[in-house]
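First subunit A sits with subunit B, and in the next complex the same chain sits with subunit C.
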Partner chain A sequence: MSVLRIEAETGRSGEASPPVVRRAIGRTMFPYLLLAPTVGLLCVFTFYPLIQGFWMAFFKRGVVVADRVPATWPKYVGFHNFTNLLGNEEFLVTLAKTVGFVCAAVPLLTLVSLVLALLLKPAFRGVGIVRAVVFFPSMVSLLIIGITWKWMLGYNSGIVNYLLSVFNVAPVPWLESDLLSQIAVVLVWVWANAGFFMMIFIAGLTTIPETLYEAALVDGTSRWRTFCRITLPLLAPTVALVVILSSVEAFKVYELVLALTAGGPGRSTVYLIQLIYETAFNKPAQAGIAAAQSLVLFVILFVLTIAQLRMARSDR
Partner chain B sequence: MMKTTVSLAIAGVLLTGPAAHAARLNVMWFLGTDAEEKAIHDVLDAYTTKHPETTFNLQIVPYDGIEQKLSQAVASGSAPDISKTSSMRPVIRPYLVDFAPIFGAKYLDDYVPAWAMGARLGDKIIAAPLHVTATGILLNKSAFAKAGVAIPSEQQGWTWDQFLTTIKTVKEKAGVRYPLVWDVSASRWIIHEFEYGNSIFSETEPYKVVMDDQKWTDTLNKFIDITKTALPPGQWSGSSADNPKQLFNSGDAVAWMSGSWQVAGLVANAKFDWQAGPTPSGTVRSSIVGGDYIVAFNTGDHVAESAEVIKFITSPEGQALFVKTPMYIPANLKAPSPDYGSPAAVAALKVMQDELTASPAYAGTDQGNPAMQYVWDTMKQAVIQAVTGQVSSANAVKKIHQAATDALAADE
Partner chain C sequence: MNNRSSPQSLGRNALIGLVLIFFLTPPVWLVLSSFKPLEEIFAWPPHLFPDHATLANYVASWSQSHFSRFFENSAFVSVLSAALSVVISVMAGYGLSKFRFKGETLVFLLIMSALMIPLQIILIPIFLVLRDLHLLNTLWGVILAPAATPTSVFIMRQYIRNIPDSLIEAARIDAASEWRILWRIIVPLSIPAIATLTAFNFVWRWNDFLWPFLIISDQDNWTVQLALASNVGQWDINWPRLLSMSVMSLLPTLVLFVSLQRFFMSGLLAGAVKE
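And now, the complex of A and B:
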């Protein structure tokens, strides 16, 4: 706006000297230039795929559209892909299983991260190293974590069953049994993410004034009561943040499960992203249905993100 | 003036002459075994020695997702000149060079018929058979010797019941951990169905699904019993971390249902005596043919050169060179008997080839039917779910039947 005004004024009166105009334009444009790479990347890698995915959901088509293969050419089907999901038992079961995973994994992750934060918040000798060790899995690819744990939990060759055998305990089918494999996925996912959320809790704990704890100490309040009456209420916004952020992550769980159980035994640990992938890439001409499934996931994640933003605003 | 014209002409010849004939072909390849990398380099080097104007840009890619990679490559106009593939999905077929007018309509007559069948598309020849594989049983001969149990001859053979009883005895007497390990693969599983006379498609056109669901279900139930009584727990759960190859190679299993492509690895790694077959039989004896093809894409600038290279690789001379190191079975029936350099390998591959020959026709025609490419994934998932008890055997067979019916429709 201001650029236009300066240009207009310059053109009309001819009083402003060219260097001044250039400086003014430069000052106005500079922030946009700084933003351009980020916005460009967002447009190419986020907004375009998002719009393309949304568009695909209204067509019957494969992932690949080949010019010489008419069967792959997109065919408009309106809302058929969405109505198809309502009667698609596999999708509904997988959605329910994903929600179940979120309900089991998120509270456990929140609890574990909080306990770790409470243990590692106080400064003691070597706390930095311990925190780094706990945080380390967050820096490793989930695929690597999945493969590592798959080896460790192997029935015949895993170190966990080997250690059990030392104590004459029979090998446990961690990854081969329905229930145990689901538990294994939850535990490994919590292990992989606890360090990151612990750091968020530690940041939250440092914002609680020490004077409150000193007052409680003077009053002779027990540690549990101090935790319930001071720490937890003042940490509530952080807890909410952790719950929402970890829920988003849990809904997107994929690489870890793929490497750890590949969705098995049978289809026990197939969650939403894996189903979307299989629908798009393993079944002919079902990329539109996969796009519709992605939109359902998008809506869930969008609602969670809005909730998180609102919470952040109310905190302020 | 004359001098200038001559100089320009010479310069033109020097600059454009060689370039007009020289070709650098992009080759996309996945490895069936580690030893195959050397084999493909040897073959391509041999071709370049004969035709110095042709060189190669060899790109080794993982096997996983190869079909998807080829589909995306043709759609985006970045297909390689030549690729190895195990199937030709409908989406890539229009982009493949038709070898029939180049090599002649009888070109495929020189190749293992069941595998050559998959290379045909009507009157077209859209692929060249590269090598074939045979599925069958591999035995830990040392464990049998330790247990004092004899292995029947190839002619004598054994039924599944006799085989299971025997390997359980060997397990006990020789102190081996498991009687049997079985690759978690649909093509390794289907051999069991084939051995009880069950097939998917009719053997000749017009193709239709000929599955007798009840017979398939009964045989699947037999397989589920085997997984419970002879295999390591949960091996066919789809999530097991235990690799059948590792268990057999480490001497933890008496027998291994796998195939001819494992021979090179056994020669290199097994610390015990081993042999191939006899594969147990049901109501009939059967193996299943598999393998790979080599295709050329008609989207590049080097179609003629690519066809020549493929003709060389699939010729008796090229086949002898290619199959030697990875110890593959040549697809070309006129290829000389390869010198694998190991008596055990030679004996194992001979038994497996004999078992292929003795297999019923449907074992070849089912595998060769292009519609099978859409059935394998569903088949594996359905069997795994039946083994883990997530669906009944009857429902698993129903899913396979449906996938076969859909596949025929999609293929058309």
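And now, the complex of A and C:
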């Protein structure tokens, strides 16, 4: 890339010792050189595509515009792609499902990771290992996690149904029924992400002054009351951070679903990203609609991130 | 605080035991299953340990299914992309923490705002950019496109900030060139942050699915994640092969995590942001 080449060349000329004046100019230019590769790459692979994506949302076109295929030629359609979305049942159903997924997965994840943090915050022998075990899944690709759980949730041969059968429970069609497969995606997603958010909660818990707990102990306050009156209020900013960060993650759910259910059975676990991808690359001349769908998701993520930034600011 | 044998701490320990079982069972079951021959892998009731443990599944996927090739591709991509990421993040972090210049705040906000634009929402235009740059279906596309990571820049900036200015000033008085200061003073003093970030970036790139999915079409250029997705996507899944592939794909992450666990779990707290 040209950006990298520029950087390499200046690197060489900088090694020689230039006259004092050139040196001073060099120094004012230096920070720009330091930032050029990062900013350059972001412009090419993030900002420019974002703007082009905005632009595309106002056209009817194919992803690749082919001279010989008139259907792919860009045609300006104004806000048609957006009004189309409002009447597009597939999109509305998918959006509702995605929101439903977020609304089920995020509170459960917040609760589970908070409980894990409360359990694993106090130091005991081996606490590091237990934390590491819980944290490890968030280092693993969601595809592998999906594969592992697909293997465990199999109807006839899965270990989960076997363990249930030990307790005389009939086999559960985890990945074969509409509702159960949606539940399975939520549960596996929470399993995969709990360790990461547990660590954020543990970091939040360490900022609560120990003296408050000592005072509560002296007063003979019950544990539950201490939790409600001290821990929870002081942990509120962390809770909000976890809710927002995990919502952003949840809206982007894709790889896990791809491995676990591939969107099935039927279309019951198709969420937004999968729909955008399929609209763009599997349907002819619908790239504009896919761009409009992306824009809707962008607005959602944007609002969430702004909320997080505002909170981070009011924190300090 | 609590007496060791009090009912409360007993309950706690039981809970911690449950947590361990809950989080250990899936990976352990994955690994154990991958060593079972085909007739045992679907056995009902399932046996925890394989009766006749075999490496046949591994041998089959490594050589017959070209997994060695995909593994090489992934290693190549992850190492180079992580290295590139760290190099440019150290540079950017240094620039943002130790220099006053026009547009400083703007550049910082610009870089951070990229966090709001995940790949998932720019799939189509990025596909076109990569096509125009002739990077489609090349490993270089997978290396370059995700290399600029705002999280890494932010962590480097926070870290380098704590290096005393006096060290840099002293070097300037000695007429050391700016690049030399970066290489001889900033880099050696930032080794812990650099190590953490290298490991993080390697794992991110190793786990990447969407980028290679978008960029690579030719099977020769597949990464391990693409191979896994293709295998799990088949109607009649070859489980012995898929499970052994999954375990092999886990290994680099596991080795890094076990050896650098301290870094992983502390660097995370500093950044507290997921890619």
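As a working rule, the second predicted complex is superposed on the first by the 288 of 316 C-alpha atoms of A that agree within 3 Å, B and C clash if a C-alpha of one lies under 4 Å from a C-alpha of the other, contacts with A are read in each partner's own complex, and residues count from 1 in each chain.
The rule is short, and it goes like this: a contact is a pair of C-beta atoms (placed from the backbone, for glycine too) under 8 Å apart; a residue touches a chain by one contact, two chains touch by 3 or more.
What you see is a predicted model; the values in this text were computed from it and never measured.
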Inset, instruction - Identify the partner contact of A:Phe30: answer first if only subunit B is touched, second if only subunit C is, both if each is, neither if none is. - result: second
Inset, instruction - Please indicate which partner A:Ala123 is in contact with in the superposed arrangement: first for subunit B, second for subunit C, both, or neither. - result: neither
Inset, instruction - Using the superposition on chain A described above, determine whether A:Val218 touches subunit B (first), subunit C (second), both, or neither. - result: neither
Inset, instruction - Go through the superposed model and pick first if A:Leu41 touches only subunit B, second if only subunit C, both, or neither. - result: second
Inset, instruction - On the superposed three-chain arrangement, identify whether subunit B or subunit C touches more subunit A residues. - result: C
Inset, instruction - For A:Pro284, decide between first (touching subunit B), second (touching subunit C), both and neither. - result: first
Inset, instruction - Give one of first, second, both or neither to describe whether A:Ala262 is in contact with subunit B, with subunit C, with both, or with none. - result: both
Inset, instruction - Give one of first, second, both or neither to describe whether A:Tyr155 is in contact with subunit B, with subunit C, with both, or with none. - result: first
Inset, instruction - Applying the touch criterion given at the start, work out whether A:Phe298 contacts subunit B, subunit C, both or neither, answering first, second, both or neither. - result: second
Legend entry - Partner chain in contact with A:Val64 - subunit B first, subunit C second, else both or neither: both
Legend entry - Footprint overlap on subunit A, where subunit B in one structure and subunit C in the other make contact: 63-64, 150-151, 156-157, 262
Legend entry - subunit A residues touching subunit B - in the complex, by the definition given at the top: 62-69, 71-72, 150-151, 153-158, 173, 175-178, 181, 260-269, 281-282, 284
Inset, instruction - Enumerate the contact residues on subunit B facing subunit A in the complex. - result: 68, 71-72, 74-75, 90-95, 177, 232-235, 237-242, 246-247, 252, 374, 377, 381, 384-385, 387-391, 410
Legend entry - Interfacial residue positions of subunit C with respect to subunit A in the complex: 12, 15-16, 19-20, 22-27, 29-30, 33, 41-42, 44-46, 87-89, 91-92, 94-96, 99, 101, 104, 107, 110-111, 114-118, 120-129, 131, 133, 144-148, 150, 153, 175, 177-180, 182, 203, 206-207, 209-210, 225, 228-229, 232-233, 239, 242-243, 246, 249-250, 253-254, 257, 261, 264-265, 268-269, 272-274
Inset, instruction - Report the residues of subunit A in contact with subunit C in the complex, numbered from low to high. - result: 1, 11, 14-15, 17, 26-28, 30-35, 37-39, 41-42, 44-50, 52-53, 56, 63-64, 116, 119-120, 128, 130-152, 156-157, 159, 162, 191, 195-196, 199-200, 203, 241, 245, 249, 252, 254-255, 258-259, 262, 273, 276-277, 280, 287, 290-291, 294-295, 297-298, 301-302, 305
